[in-house]
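Before anything else, here is the set of structures, which you'll find just below.
Note that chain A is present in both complexes that follow, paired respectively with chain B and with chain C.
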Partner chain A sequence: MIHDFGIVWDQRGLLMSGLANTALLSVIAAVVSLLLGSALTPAMMSRRRAVAGAARAFVDAMRCIPFLLFAYIVYYGLPSLGINFDNWSAGLAALMLYNTAYMAEILRGAWAAMPREPIEAGTAFGFSGVRLFRRIVLPGLVLSAGPVVGNQLIQIIKDSAFLTIIALPELTHAASSIQSRYYVPFAAFITAVALYWGLCLVVEGGVNVLRRLADARR
Partner chain B sequence: MTPGDISAFAQGAVVTVALSVAGILIGLPVGLGLALIRWARVPVIGRLVALYVSILRATPLVTLLLLLFFALPNVGVPIDPYSAAILALSMNTSAFNCEIWRAALLAFPKDQLEAAMSVGMSAGLRFRRIVLPQIARASLPALVNEMSLLIKVTPVLAVVGVVDITRAAVRIGAETYEPLPPFLVAVALYAPIIYGLVSLQRFIERRQAAAEAA
Partner chain C sequence: MNALPHPVLNVVGVSKSFGAVEVLSDISFQVGKGETVCVLGPSGSGKSTLLRCINWLEKPDAGHVYLNGEPVGVTSAGVVMNDRRLSQIRTRIGMVFQHFALWPHLTVLQNLIEAPLQVQRRPRAEIHEEALALLAKVGLHDKRDAFPARLSGGQKQRVGIARALAMRPDLLLFDEPTSALDPELVGEVLVVMRDLAHEGMTMVIVTHEMTFAREAATRVLFLDRGRMVETGTPDQFFSRPATERARQFLQRYAAEAVTAQR
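What follows is the complex of A and B.
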């Protein structure tokens, strides 16, 4: 068993690049889906019913499709419509689009739960439109939605492991290839589990900092 | 789609549903048991459960599944894909269920326990008659939500050779060189199940809110 971990240690370069890819994929997907989601949220809250309905339909559809199936559709299905991807762009696009729906729903929930007073006070002080959103709505939204967004980042990290099926060289894929080359399944996968755990503990630490910040402001 | 494809999808759907139900049925009581161990502050074991839950919640189901499927035979425990799938699903969901049950236990009013004790109820009876009915009610929406999340990760089980809806779709796509239609059929099979659970969760939440308001 010690010998097995020795083999994994010798292959640490492969695991570390897998970990780096997992972190990179997750962070890019989280940032982009947060941006796209924050553009989608106003559409969901729109007074025009067609706009709100279309946004709602997209969000509900994404929430009812398993991520792995969605990744398959993007990678294997879309080429038959003439849209071709390599596995990196397909994986990243799938992660971003899928989580846009979740981010939009998280932001919508936080927005709906926001107290009316600061917004009304902002309007009374002459803020409107984009400036009202940027100066009054957004800071409160970031602080109250922050912890939930952090949980979603953990979800994205775990979803990114599914991309091993389209041969994207992330952490689980690295562990898989070490196990198939040297037949050290326990050592390879338990190391991957430990690395995922570490990654999630880092995110949880960040969420706790944000939560304390929000408590201090209240 | 040929009749053979339709029967492949039907069999896949049965496998997906059966594995999900098995995972849910095992994960619910195991999660409750873990939560009770933490609630009762059992020394050492309570800490181990906290560690187990923390690690399991951070582990992607694919990674856990591959670990179980390849490492268990390596240490002399032979395991077939379906048992590995059920084991991975129940381990994963039990960790999340543990946190849901524990939140309900921590919010449980202490005075009710003391009242039950004062009328001479034993610990087992206290739990069965007083605690369980109330925490089950409080945890229900979150538990149903966790069930919908569980179904959403089941396509991963195909990785070790479980022939579920996703595997059937991949196979038909590979045979016909037209991957998109079978994937859309798979979506049409998963979506109603997940949507049904999400609606059930919203329905329970609304009914409980209405009951509280009344």
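What follows is the complex of A and C.
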């Protein structure tokens, strides 16, 4: 057993680059999906029925597809429609689009739960449109939705493991290639689990900072 | 009522219904520069709706609102204004809310600076200096870096007033600024409002504080079931109300005041 972990230790370069790729994929996907989601949220809340309906349909559809299946569609399905991706672009695109729906829904819920009066005060003081959203609504959303967004980031980190099926060299892919080359499944996978766990602890730390900021304002 | 030569606020025939319920019916009045007009009336008589129609938070069904002679909400050609234009006009009408409506993510000082900086786009140094002076004026200089959640109700409302003043408004609207406060905190807010009245700020104040209205108002409007039943000087209104409804309203307040004192 100790010997197995020794083998994994020798392959640490591979695991570390897997970990870096997982972190990179997840953070980019989280940031982009949060941005796209915050653009989609006003659409979901739009007074125009068609706009609200289309946004709602996208969000509901995404949230009902298993991520693995969605990644398959993006990487294997879209090329048959003439849209070709390398595995990095496909993996990132799948993670981003999929989580845009979740982020939009998280932000919408937080927005609906926000007290109306400060927003109304924003309108009364001359804020409107994008400026009202960016200066008055969004900061409150970030504070109240922060912990849930952090949760979603953890979900993204875990979902990114599925991208091993399109040969993206992320952490799970690194662990499974070590185990298949040296046949050390327990050592390889348990090490990967520990690394995922470490990543989640970092996210938790960030969430706690946000939570403290929010508590000071509550 | 005599027409004022250059009213700051001119409300002409404003009506508003919610569904089948007519909440405001053909309301007209003017407010001259430096006037303090108190709007009185029973609960549900349409006082808040009237204030909200003035800055078009609520769109009137009929009638017009003019600020310093300029139409609010609808252009002179009769077209509904775009958001940008309407926002511009709203920056000249300060509003103070019953439940304060401060921006919770910003500190006290940032609450004052936000709209002048982001909407009016005045120079930052000037805004900052004025904001600090306003906080000193309402007695909250030492709270400038606190978040609203850490303040008492009276302090929050004083911030609310300072925030409105930071816009250098031509007109200030107050919607029951002391109704959400514990009785012992009402005084500190009324003091600030009295000072503003003496300094010649133009104000429309919806209130249930009869003593304040009597002492500080230059004129009183009495609303009942969406109609402006009576208007006059506080002295006229409180000593010699012209209508039966106003008499009943005042009697009920007098009775409540007596009960409260016991």
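We adopt the following convention: the second predicted complex is superposed on the first by the 218 of 218 C-alpha atoms of A that agree within 3 Å, B and C clash if a C-alpha of one lies under 4 Å from a C-alpha of the other, contacts with A are read in each partner's own complex, and residues count from 1 in each chain.
The rule is short, and it goes like this: a contact is a pair of C-beta atoms (placed from the backbone, for glycine too) under 8 Å apart; a residue touches a chain by one contact, two chains touch by 3 or more.
Predicted, not measured: the structure shown is a model, and the values here were computed from it.
J.: Based on the superposed arrangement, let me know which partner A:162 touches: chain B (first), chain C (second), both, or neither?
T.: first
J.: If you stack the two complexes on chain A, which partner ends up touching A:136: first (chain B), second (chain C), both, or neither?
T.: Touch status of A:136: second partner only.
J.: Thinking of the overlay built on chain A, is A:126 touched by chain B (first), by chain C (second), by both, or by neither?
T.: Second partner only, chain C.
J.: With both structures superposed, pick whichever of chain B and chain C touches the larger number of chain A residues.
T.: B
J.: Quick one: classify A:216 as touching chain B (first), chain C (second), both or neither.
T.: second
J.: In the overlay, answer first, second, both or neither for which of chain B and chain C A:83 touches.
T.: Neither: A:83 stays clear of chain B and chain C.
J.: Contacts for A:117 in the overlay, against chain B (first) and chain C (second): which applies, first, second, both or neither?
T.: second
J.: Which residues of chain A are in contact with chain B in one complex and with chain C in the other?
T.: Touching chain B in the first complex and chain C in the second, no residue of chain A appears in both lists.
J.: Where on chain B is chain A touching in the complex?
T.: So the residues of chain B in touch with chain A come to 54-55, 57-64, 66-67, 70-71, 74-75, 151-156, 159, 166, 169-170, 173, 178-180, 183-184, 186-187, 190-191, 194-195, 198.
J.: Would you pull the chain A residues touching chain B in the complex into a rising list?
T.: Per the stated touch rule, the residues are 60-61, 63-69, 72-73, 76-78, 80-81, 154, 157-162, 164-165, 171-172, 175-176, 179, 183, 185-186, 189-190, 192-193, 196-197, 199-201.
J.: List the residues on chain C that touch chain A in their complex, please.
T.: 55, 57, 83-84, 86-88, 90-91, 93, 95, 97, 99-106, 114-115, 118-120, 147-149, 163, 167
J.: If you look only at chain A, which of its residues touch chain C in the complex?
T.: 117-118, 120-129, 131, 135-136, 139-140, 143, 216-218
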